[in-house]
Amino acid sequence: MADQRKPTTAICAYTSDAIYVRDKSLVDELIGEITFTQMMFFQIMGRMPSPAEVKIVDAVLVTLMEHGITPSAIATRLTLMSAPESLQGAVAAGLLGVGGQFLGTMQGAAELIAEMMAAEDGVPAAAERIARRHRASKTALPGFGHNLHRPDDPRTPKILAVATAAGVQGKHIAALLALGEAVDRVYERHITINATGAIAAVLSEIGIPVEVMRGFAVITRAAGLVGHVKEELENPAARGIWDAATHAVEYSGNALKNHA
Amino acid sequence: MADQRKPTTAICAYTSDAIYVRDKSLVDELIGEITFTQMMFFQIMGRMPSPAEVKIVDAVLVTLMEHGITPSAIATRLTLMSAPESLQGAVAAGLLGVGGQFLGTMQGAAELIAEMMAAEDGVPAAAERIARRHRASKTALPGFGHNLHRPDDPRTPKILAVATAAGVQGKHIAALLALGEAVDRVYERHITINATGAIAAVLSEIGIPVEVMRGFAVITRAAGLVGHVKEELENPAARGIWDAATHAVEYSGNALKNHA
Amino acid sequence: MADQRKPTTAICAYTSDAIYVRDKSLVDELIGEITFTQMMFFQIMGRMPSPAEVKIVDAVLVTLMEHGITPSAIATRLTLMSAPESLQGAVAAGLLGVGGQFLGTMQGAAELIAEMMAAEDGVPAAAERIARRHRASKTALPGFGHNLHRPDDPRTPKILAVATAAGVQGKHIAALLALGEAVDRVYERHITINATGAIAAVLSEIGIPVEVMRGFAVITRAAGLVGHVKEELENPAARGIWDAATHAVEYSGNALKNHA
Amino acid sequence: MADQRKPTTAICAYTSDAIYVRDKSLVDELIGEITFTQMMFFQIMGRMPSPAEVKIVDAVLVTLMEHGITPSAIATRLTLMSAPESLQGAVAAGLLGVGGQFLGTMQGAAELIAEMMAAEDGVPAAAERIARRHRASKTALPGFGHNLHRPDDPRTPKILAVATAAGVQGKHIAALLALGEAVDRVYERHITINATGAIAAVLSEIGIPVEVMRGFAVITRAAGLVGHVKEELENPAARGIWDAATHAVEYSGNALKNHA
């Protein structure tokens, strides 16, 4: 591999008396000068966000931080009970569930939005095509539907309103709404655009690449799970959750029948 | 376990058309209304932060987000190369290193600060005692020393200055500084108060419990690692890191000597 | 760091046409020639196990592989449901719970056994001292007690019997049993020696260092969790577990009272 | 969800004095009676393996346990250095890399084998088709090629020989070999069948479902990583690896140019 270029990073450099992130001095230009949301955008995207971008990222992070006794929160609480020596392990266990099925659907939704915007025959035709394709193949439509929030996910209009008020161009949002209309028509019933669909649209509006969108959910859910860690330490629920889970799953074998 | 109370949570509740976090409506009162930093504090501490608290938490999060090709960043990048299907797995691998040895030292530092503030014979005597105890037992002093930033960690004075400017009472900071003086005297050389020491003091000033402080590092390092994920996807370094690591570790067995 | 020795490893070396583990040819001497249990012992301890050691390690691994809908199994199943793209993430989430509170107690138990064997005043006196110390400080006695298996953990005598039949010297086992007697006497009631206590003793008999004992639980629980993954894929229980957990935890806030 | 069936499990049940795994008494029929490999197969597949199946699973597990300073081993060692309080976290960090790119390729290889065996026009035609399809689309052929072992992966013939000696029917192995011939012909150069390709074939021979094959790598790599944990505790390499990684990645920003 003699001809291989040395790998490079543009994120961080340091000396004995200074640290630079994206070429800005951490001590002189960042600590105490900018917020977490600005710093996070700067770290990931390599440029400082505009006020509108901050507004949208904050709305996304606030939306996804918490949703009760989710699979992630359960994993974190049970792991903390079992291994109290490692807060980071408990949070990591919960974050491993920020995957394709729930929060990770924003990635699939963003891909659909990108597909519509790139379609030569225009957004409405593409929306119709996508809706028909998913209905025919009976595959889940990422960004659509919710098992708890019916008929409509209450977060969706608020997220879109925040982005609109912040002054985004709105093409991705319009494409998502066009898909929503096509879905209702093609499926012959109303299926809500859920929060991850809305988030896919507003993050697309500000140029967040599809491949890292899930990272925004990971970051803010980390904060949500630290909240569950603190409550679990003060007011433990994990043993009750364990008991309930144990009783929820019935043994289908024969051993206990033979056990006098 | 018939007499067991049902476990409870005060964090989140939802209905089909509303989500409440800490009794506030997510849609009406939080999304678009508050920043990530406010929401994170609210989620974890159960009360809205004051502007001073926001300022301090932002400074802490900005400080700890990024420090180059750290063990965490290496774990995240190598895991992403090996399992590109799971961004959350790559970030979780990195977060598992936010432990006792580096970032987690803020917990130990906060415990020392608490010990000094609770000492009946006053902070200076307790500082002297702590310094002597650690020197005698040759155990690492959490919050002190840094392998890269010598003689002084440049982040420390900035973090403390942000907190002071925000108007905190300053007793925890004063205790930390007293410990710093005692350490220099007892060890007969200057050992810097590092960033985790300073963070332990300023988070103690605003009432963050010792047991969840490490969580602040986990949250912001998650953002840092998403930045490394994005760069790794665009400009991969993992194979170069792997090569370098392989060559850095010499085989001490005999097999290759026999291998013609 | 010019004077630093280059780090070394004695585990593995390879060339383009051969792989050596602990100086044995993987292809010529290991694959097809030895069992997993032999290989695992060889990998970790750097020497081939005796037949007696294989017998004991097998008994330990068989004992700890599975125990129903445990916190680990719950974390794995919920993570798989949420992120089906990553089997390894689901298993890792479960393994993060192999910690200090349950399976990890074998480490604490092994330390107590070592303390008794090193005591100048002999095992019985040390056993009495340990029992009194834990009773006085009201700290949990690692390796003792079980929330499900009362009055006695049925695995304990079998594990000890396997080791005895394999011909171990038995000093660590004797120390554990002495501690069991002291505990019953000091606590004035019978507290069972549990499986992790027995495992601590038999792994100590064959020279497994205390610091890696927990690793044996991690390894075999990985297999247990793969079993749960397979069942979850074929006959999903995660959503039922999630429902049960949600209902098990009551919201103690006020939001829903106000929600008409 | 009133009409939902209660979820069930056939894996484990217990009473206060007994534990049953797959309807067998853990204490009376499993501990001390069977090996880890038998137990693991029993746990996952729900039936005791034949001696031939044990032989094959052992060969697979022995093959995949260890391969030097891999991305997984690096992640485990660095995480242990950073968070020594959690052996399970260090191993979990390494296991998160048992993904699609390296070890996880056995899943893709098994799917290709299944595709050939189901092809109406026979294995040779299907092999040709698969080779052409991958060459045309320039997608990696799972189970083929190796960055270190060239021209041939030395593990492959041994794994296949073990399975053949154990008396498997051999249809999946034959399909894999047919694909190997087609690949050499279509690509006009020799590309080795690697260990994960061979493992996909032999695990398919004994009926291991494609979706859990990766689990076998996770299990045995857990053992490999515990070996790295033990060596790291006794003879640390992590700091040297970290140093090497840091030096391997060049900063491409401008900050240090300005830093006098």
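As written, the chains take the letters A, B, C and D, and residue 1 is the first residue of each chain.
Rule of thumb we're sticking to: contacts are C-beta pairs under 8 Å (C-beta built on N, C-alpha and C of every residue); 3 or more make two chains touch, one makes a residue touch a chain.
On a predicted model such as this, the values are computed, not experimentally measured, just so you know.
Under the contact definition stated at the top, the chains bordering both subunit A and subunit C are B, D. For the self-contact between subunit B and subunit C, the two sides draw on mostly identical residue numbers; the shared fraction is above half.
One simple way to say how far apart two chains are is to compare their mean CA positions; for subunit C and subunit D this gives 23 Å. Between subunit A and subunit D, the centres computed from C-alpha atoms are 29 Å apart. Chain centres here are Cα averages; for subunit B and subunit D they lie 35 Å apart. The set of subunit A residues that touch two or more partner chains comprises 6-13, 18, 68-69, 83, 85-86, 88-89, 92, 96-99, 104, 237, 240-241, 243, 248-249. Partner subunit D is touched in their complex by these residues of subunit C: 1, 4, 6-14, 16-19, 21, 26-28, 30-32, 34-37, 39-40, 43-45, 55, 57-59, 61-63, 65-69, 86-89, 91-92, 95-99, 104, 148-150, 152, 154-155, 158-159, 161-162, 165, 209, 211-212, 214-216, 218-220, 222-224, 226-231, 233, 235-237, 239-241, 243.
By the touch criterion given at the top, residues 6-13, 15, 18, 20, 22-25, 83, 85-86, 88-89, 92, 248-256, 259 of subunit B touch subunit C in their complex. Residues 68-72, 74-75, 78-79, 81-86, 89-90, 92-93, 96-104, 237-238, 240-249 of subunit B are the ones touching subunit D in the complex.
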